[in-house]
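There are two complexes below, and they share subunit A, which is joined by subunit B in the first and by subunit C in the second.
Then we have the complex of A and B:
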């Protein structure tokens, strides 16, 4: 089958179980959000898919082929990771050249254009870049590499709001022009909630949710209004969380909204971040 | 194809260090030539020699192989290259580099000897194998058989040193910090304190064994060639064991 398939993946670090019997299918041409608290196993999962580490048990396949020591399968994936795997002494331009030799579909002209958009000098060495610009460098390669499977682990680490917004816009533009499977692992849930089609939530090494984003968000709703009115409304309902500002209150609830809601209360969609907090606590 | 890219990347990593190294070697030779030429000419009967340039090259290859591992691994894993392809690329890189540098060593030896003899007959330049494996001391390497013998010996020796450097780097990478420190301290302690003490207690038996071992393995040119080649093959094969599941730390 096409896509990335994980079967019974298990990984331990000493006594710590980083992944426990994870089964997951990532379909073609979809954008996934991989969410989980620190230590949930997100990076471990992505590292196993790219054969950077080995699972203790289970198997990861890309388009039906195992990733273990398989250049053909690995060549279809590009992973942007927090850790820098490139030699620090190398110049960005040189890395672009080498990337082209490893990934023949890498678009160097596009990468240079992105460098101009992100104000990154391609003649600089990686050693001389700040954390933010290192992330930009990695993003530029990821956006230009043109592989069927793109795994982005904390893709906006250290980026300012302008660059984050620019990245999201370019990512969507790129996806609409040339669709591929994108997995975004991030803690900035609100920022990616508008991009992702499916949400994968991990907790303590286990996959606890995999659902279309809209479907997941339709499982709850937000209610806002005067504090007293909101309190009265939520009294016997499943509340995820509450925010209070002065005399106003916002409550996040699970379930479907009633039809007989007071006119003083305003109803809106659920917040993915609030839902995530509820699901992972 | 990823094997080709892996090979190109790994060989390219040696380009600049090799250039710098030979620049240093040529400078050292020039310094030797001009600092001694006047001395030997003004003192009749005196002579000077510079030997073992190829041993310096072997040490250089050992050290550069020690440092090559980490960058290669990161770059390959980042670019979807399997460890198997990294390993095959490494074998090709070692063979190419050892062959190229063996040829360079022969050419430089000829150039150095010719340029020395243009000034004086009392200065000599030779590689480490000249004295050891030849019946006569070569003032000039003038036969194809000598050159091909040196080429083969250098090739095998360079392969051995590169394989050893890469394997050491890999072992140190795989082991944790405490074991690394223990090894760094333990190896010199064993080699320079415990072994000599034991050797003393055993009336030099260990020393004799080692001498016999080296006399047998390096005692003749073909012995040396086969010993270096077999050891290089063995070390390269051993490299695959820790490499097949290695990860970036």
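Then we have the complex of A and C:
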């Protein structure tokens, strides 16, 4: 079967359970959003997929083959992470050359074109780059490697609004022309909510939700109004959270709003960010 | 055309309506080519699958058609078809909510009518 498959993946750090029996299938040519609060296990998950760390139990496969010490499987995956795995004194140009020997489909001409778009001088060394430009450098490699599976762990760290926008556009252009599987792990949920097709939400090492973004959003709604009215309404419903502001109350609910809602109450849509906060709280 | 990711309306519906609006206003003329899925996706920063879903609604209703290898075009007669559809929806989309708000404000029938007249004159 093609795709990335995780079976019963478990990982402990001492007493801390970083991943607990995670089962997950990532299909081909889809963009996934991997969401979770700090310490939820997102990076651990991605590190196991790329064989940077080992799972205590369970298995990760790419197109049916294990990722553990398997160069063939690992060659299909590229992971952008916070850690920098390149020598700091190296020039960007040389790194491009070098990357090509690990990833034969790396498109150097395209990488150079992206450098121009992001105004990054490829003759610079890595250590002369600012945090933002270091991220841009990593993004350019990720966008140019041409592998079937791209894992992006916090891809827009330190980027200004203009560069984030530019990155999302280039990513979508690339994806439209040459589809691949992309996993974006991020805290900037709002920004990616339109881009991702499926949402994966993790909480304390467990996978708590995986479904189509649109479907997940249609599963929640917000009710606001006078506290007493809201309380009466939510009494026998699936509430995931409430906010109170003076005599006003806002309740976040799962399910679809039914038709017999009192006129004194206002129903509104629950966006991904709010839903995320309520689900992982 | 603008998309609101926080709107209650699903993004693919907003895409479809945005294209309909552009056809009705003459921005996309009949028998002219509309932007590709990639262009919609990149411009509005949405997943291509979402853009495709929106455009497929228009293909299914005969407003837009695909020419293999060339792209998507506005069908002839699309404007008339869209006008008729929007007219059918006018009561549900506007009149019902107008009356509801007017009742909340205790507006009389005569007041509502005079306001509509005023709006028509503008």
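By our rule, the second predicted complex is superposed on the first by the 236 of 281 C-alpha atoms of A that agree within 3 Å, B and C clash if a C-alpha of one lies under 4 Å from a C-alpha of the other, contacts with A are read in each partner's own complex, and residues count from 1 in each chain.
By definition in this document, a residue touches a chain if its C-beta (ideal position, glycine included) is under 8 Å from a C-beta of that chain, and two chains touch if they have at least 3 such contacts.
As the structure is a computational prediction, the values presented were derived from the model and not from experiment.
**Student:** Would you sort A:75 into first (subunit B), second (subunit C), both or neither based on which partner it touches?
**Tutor:** It touches subunit B, and subunit C stays clear.
**Student:** May I ask you to decide whether A:53 touches subunit B, subunit C, both, or neither, giving the answer as first, second, both or neither?
**Tutor:** first
**Student:** Identify the partner contact of A:87: answer first if only subunit B is touched, second if only subunit C is, both if each is, neither if none is.
**Tutor:** First partner only, subunit B.
**Student:** Tell me which of subunit B and subunit C touches more residues of subunit A.
**Tutor:** The partner that reaches more residues of subunit A in the superposed model: B.
**Student:** Would you check which partner chain A:31 touches, where first means subunit B only, second means subunit C only, and both and neither mean what they say?
**Tutor:** second
**Student:** By the touch definition at the top of the document, which applies to A:98: first (subunit B), second (subunit C), both, or neither?
**Tutor:** first
**Student:** Residue overlap on subunit A between the subunit B contact set and the subunit C contact set?
**Tutor:** none
**Student:** Enumerate the contact residues on subunit A facing subunit B in the complex.
**Tutor:** It comes out as residues 47, 50-54, 68-71, 74-79, 83-87, 98-99, 101-103.
**Student:** Which residues of subunit C touch subunit A once you look at their complex with the stated criterion?
**Tutor:** On the subunit C side, the touching residues are 3, 5-8, 10-12, 37-38, 41-50.
**Student:** Considering only the defined contacts, which subunit B positions touch subunit A in the complex?
**Tutor:** Per the touch definition, subunit B meets subunit A at residues 2-5, 8-9, 71, 74-75, 77-85, 244-245, 247-248.
**Student:** Which stretch or stretches of subunit A touch subunit C in the complex?
**Tutor:** Of all residues in subunit A, those touching subunit C are 31, 165, 168-169, 172-173, 175-177, 190, 193-197, 214, 218, 268-269, 271.
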